[in-house]
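One chain, subunit A, links the two complexes that follow: it is found with subunit B in the first and with subunit C in the second.
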Partner chain A sequence: MPTITYHQPSGERTTLEVAEGATVMRTAVTNGVPGIVGECGGQAMCATCHVYVRGDVALPERSEDEDEMLDCTSSERTDASRLGCQIAVGGGLDSLEVDVPASQV
Partner chain B sequence: MPGVVIVGAGQAGIEAACVLREAGYARSVTVLGEERGTPYQRPPLSKDLSAGGELPLLPLRAPRALAELGVTVIEGARATRLLRGERLVEYTAADGRPHRLEYEHLILATGGTARGTGPGGGQRPGEDAAGVHRLRTREDAQALASALRTARSVAVIGGGVIGLEFASISAAARVPTTVLERGQRILRRFVGGESAAWLHGRHEDRGVRILRQATVEGFERTEDGPVAAVLLAGGGRLEADLVLVGTGVTPAVSLAADAGLECAGGITVDARLRTADPRISAIGDCASFVSPHAPAPLRLESVQNATDQARFVGRALAAELAAPADLAGRADAAEPGGAPAPAQQNYVDLPWFWSVQAGVKVQVAGLATDAGASVVIGDPSAGKFSVLRFAGERLVCVESIGRPADHLAARRLLAAGDGPTLAEARAGRIESLKSWNAVVPV
Partner chain C sequence: MSIASHDTASTPLPHPSSAQDAAAEPGREAPIADWVTIEDLDRDPFPIYARMRAEAPVHWVPAINRYMVVGFDACHEVEQDADRFSADEEGSLMKRSMGHSMLRKDDPEHQIDRASYGSTLRPATIKNVWMEIFAKNHRTWMDHLLAAGPGADFVWDYAAPYTADNLRLIMGFHSATQEDMQRWSQTLINGTGNYADDPEVWAQAERSSAEVDAAIDEMIPYLLRHPDASLLSGLASMPIPMEAIRANLKMTIGGGLNEPRDVLATTVWALLNRPEQLAAVQADPSLWGAAFEESVRWVAPIGMYPRQVTQATVLDGIRLPAGAHLGIVLGAANRDASRWDNAEEYDLLRPKQAHLAFGGGQHFCAGTWIARAQVAQVSLPAVFAELPGLRLAPPEASVDKGWVFRGMTQMPVAW
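Take a look at the complex of A and B:
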């Protein structure tokens, strides 16, 4: 099974086994991983699911919408910034590790 | 000591419960929720719905997260009566047994129910027929998804946000879809005329037929009972085997009203979201509140409104109800031993909305109105533009289609009250709101 690992600012780490196609946002919200809100329900419209992706993984490019939203996150945007609702495991990508930012709203 | 009781385990109620805890409230937090199962987000119901498909529910917060915070949610519990003198709420538990719960503060977050097509939101004859749907709960969405699998023609009553979101889905599923709008134009409560006209065209391009000034008078049923057609004023008849009534929401006010609290188009609350009883607040879809962004009391149905009001009330109560001992050591604490200073600020948050329909994302910051001047920036022909709305010279609302950065900038500018003036916008040099700050000469 694919896995997603969440690193909290406190250093705490959670690894979850998930189904193919599970997004970083939905997995976090469904399992109560703190620090990921997902207020728009995954429509790339709220930027409250911001994460920093660890390592050099093959994720689809940011859409224009995602790119614009990432300019407006509550915690600083870096090259590793993605919207958690727009990235998923599966399709050859078996694991994802992300850092949860200090704030979302 | 009794704690805070919240009626309604929806967007507002769950958020308020969590914020109370996160802000340090130490006594019990209990949420009574009539719906069964894990409390869930409603917006995906009309966006992730697909013909015949399973609808993956998105929880508001995971049960584990609620438990860790120390929030008790009683599922299947319907509050039936408030005894304000004794600070008690009566409820019927999932097993049908009556219970009572004492509170030191009560938050009403009861949301609302889908309106019918009749006067006052009631149902017209035939509206209870099989095939006539509403869309408010997960059960509604599941029923719609399975009905859409076999539907031959869809009629949506009401050209509002939910009706048009569903029409987008049913038309994309290649089911002939007609929207019946009673007024002169669609989306009257959501966007102004320019955006509505643009979206109207876009819906029609994608196969949604929209009839305006179409007033529903009743429903025709087939012999074995299900709906066969929608009947219109003036003798029109529209065949449909799937009807979605999307005529809005009736706020759930009966608990408050029966307890003698004022209700006028919602549970009446003041600028701090309190009812006339200082121990009872109301938030979210059920509350009629005053706002610096609106000339008259208003009731809004949005995630922003539910969560921001929940955060406001949760934080204010956590500060106000904290026992002096709880406050010791907190940076913002009042003098130890002295009465904690109640938070006296008003709720002033800027309303904002979003919708996904006709294949585009629509975001609105502020309250749309057709009064006043407007300026369009961006490129409507490319499906990427924003409409800036003004009251006099002052920017009051921005509607963005395919321009999320404008929307986020607009929220910031409107909240701070320093957006471009009408004259500045008309001078025609605003390419995007995001870069607006950069171009203002100080």
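Take a look at the complex of A and C:
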């Protein structure tokens, strides 16, 4: 099964086994991983599911919607910034490791 | 899903909110809040919400013939689970007043309507197009307030026309005036709340509905020739039924004007009553965003919206029958003491936390960023910069009112 690993600012780490196609946001919210809010339910509209992706993984390009929303995040945007609702594991990508930012609102 | 490895003691809990769990766990009946009256809610709902929350997260309220969901966790659970809690409410007065808009549809139908709004309300368009228009409208209506002179009403001489003019251009109603927008908004909203079935209220809502239809029919050919960034311009060339376009635009007139108006006036009122907080935000302009967010948390402009239960279920320990009509009380959820210290107080310096003022899930407010931009980025800093001596004149003349929608209804000021 694919896995998603969340690193908290405190250093705490959580690794979850997930189904193919599970998004970083939905997985965090349904498993109570702190620091990811996902208020808009995954519509790329609220910017409260911001994460920093570790390593050089093959993720789909940021859509225009994702790109402009990343300009609205509470914690600083970096080259590693993605919306957790727009990235998923599966389809050749077996694991994802992300850093959860210090704030989402 | 399972937890594969975890290197600390605090194992994340699985989310308890699924229909299966609900069936397994019987729950208890909702308490009957027969002591709640509409008059009391309208004057000041917050002590009522505090008493309700202390007793149970969900109550049956005979006065409004609905369950009221008042706990933060319970409201949040409803928002994120559209399968159990449908927005397509039977007997909805909003459908009668405005037509069947996206706000009363569930996915996948809802998604088609929502996508039809394109990028008009999104951050890039706000930055490239609307910010300049907001600044211009601020100038117009600030000059109007200045001309009205001390004793003018902050709500009716500035906040209402400013937000109405903004919405008019965002929507593409070039042939209408901001007064038209205000009248349409209020009369359509009154229809949505016409539980007393007052024929005069219906007549006014129908008149506005016909006027909006006429304005849409007038603007579409014009906008096909002169496209702009507005909603109507985008919709003019969209393969989506006219009936849906009309309903969505009427709902947006109702939902895109009063709320920014109310948060603007409420924030000014809160700050004028708390000089130390006003001084803090004036010393550090990066706090305007916090002043805005704390304001919508403290007094949610949309205090309650409806949902209907699709199957017998248990919500945060309370049993609900299939078909039950719910009021999701954001005004109460946003003051839940289990989530915020000193929740009844306005404190823009409190630790930041997500609130529910913009709803959540599928129907998360499509105008969130528009509201933030026009109020927190343009208006609030400009108002206090241009009127350094702004004060309530007199403080006791200001009136805050309402519960389904709540805001300032009167706010005389001087400077």
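The definition used in the following text is that the second predicted complex is superposed on the first by the 105 of 105 C-alpha atoms of A that agree within 3 Å, B and C clash if a C-alpha of one lies under 4 Å from a C-alpha of the other, contacts with A are read in each partner's own complex, and residues count from 1 in each chain.
Going forward, a residue touches a chain if its C-beta (ideal position, glycine included) is under 8 Å from a C-beta of that chain, and two chains touch if they have at least 3 such contacts.
Since we're looking at a predicted model, the values are computed, not measured.
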| request: Identify the partner contact of A:40: answer first if only subunit B is touched, second if only subunit C is, both if each is, neither if none is. | output: both
Subunit B versus subunit C as contact partner of A:104, first or second or both or neither: second
In this superposition, the partner of subunit A with more touched residues, subunit B or subunit C, is C
- Query: Taking the superposition as given, does A:18 touch the first partner, subunit B, the second, subunit C, both, or neither?
  - Reply: second
Original post:
If you stack the two complexes on chain A, which partner ends up touching A:88: first (subunit B), second (subunit C), both, or neither?
Top reply: neither
Item to complete: Examine A:51 and indicate which partner it touches, taking first as subunit B and second as subunit C; both and neither are also allowed.
Response: neither
Review point. Just subunit B (first), just subunit C (second), both, or neither: which does A:96 touch?
Key: neither
Problem - Partner chain(s) touched by A:71 [first = subunit B, second = subunit C, both, neither] - result: both
Q. In the superposed arrangement, does A:32 touch subunit B (first), subunit C (second), both or neither?
A. both
Overlap of subunit B and subunit C contacts on subunit A, residues 29-32, 34, 39-41, 43, 45-46, 65, 68-69, 71-72
Contacts from subunit B onto subunit A in the complex sit at residues 41, 43-44, 47-48, 56, 58-59, 61-66, 68, 303, 307, 354, 356, 361, 363, 402-405, 408-409, 434
Seen from subunit A, its contact residues with subunit B in the complex are 26, 29-32, 34, 38-47, 65, 68-69, 71-72
Touching subunit A in the complex, subunit C uses residues 1-8, 10, 12-15, 79-80, 114, 119, 122-124, 293, 352-354, 358, 360-362, 364, 366, 368-369
Listed in rising order, the residues of subunit A that touch subunit C in the complex are 1, 3, 12-19, 22, 27, 29-34, 37, 39-41, 43, 45-46, 48, 64-65, 68-69, 71-72, 74, 103-105
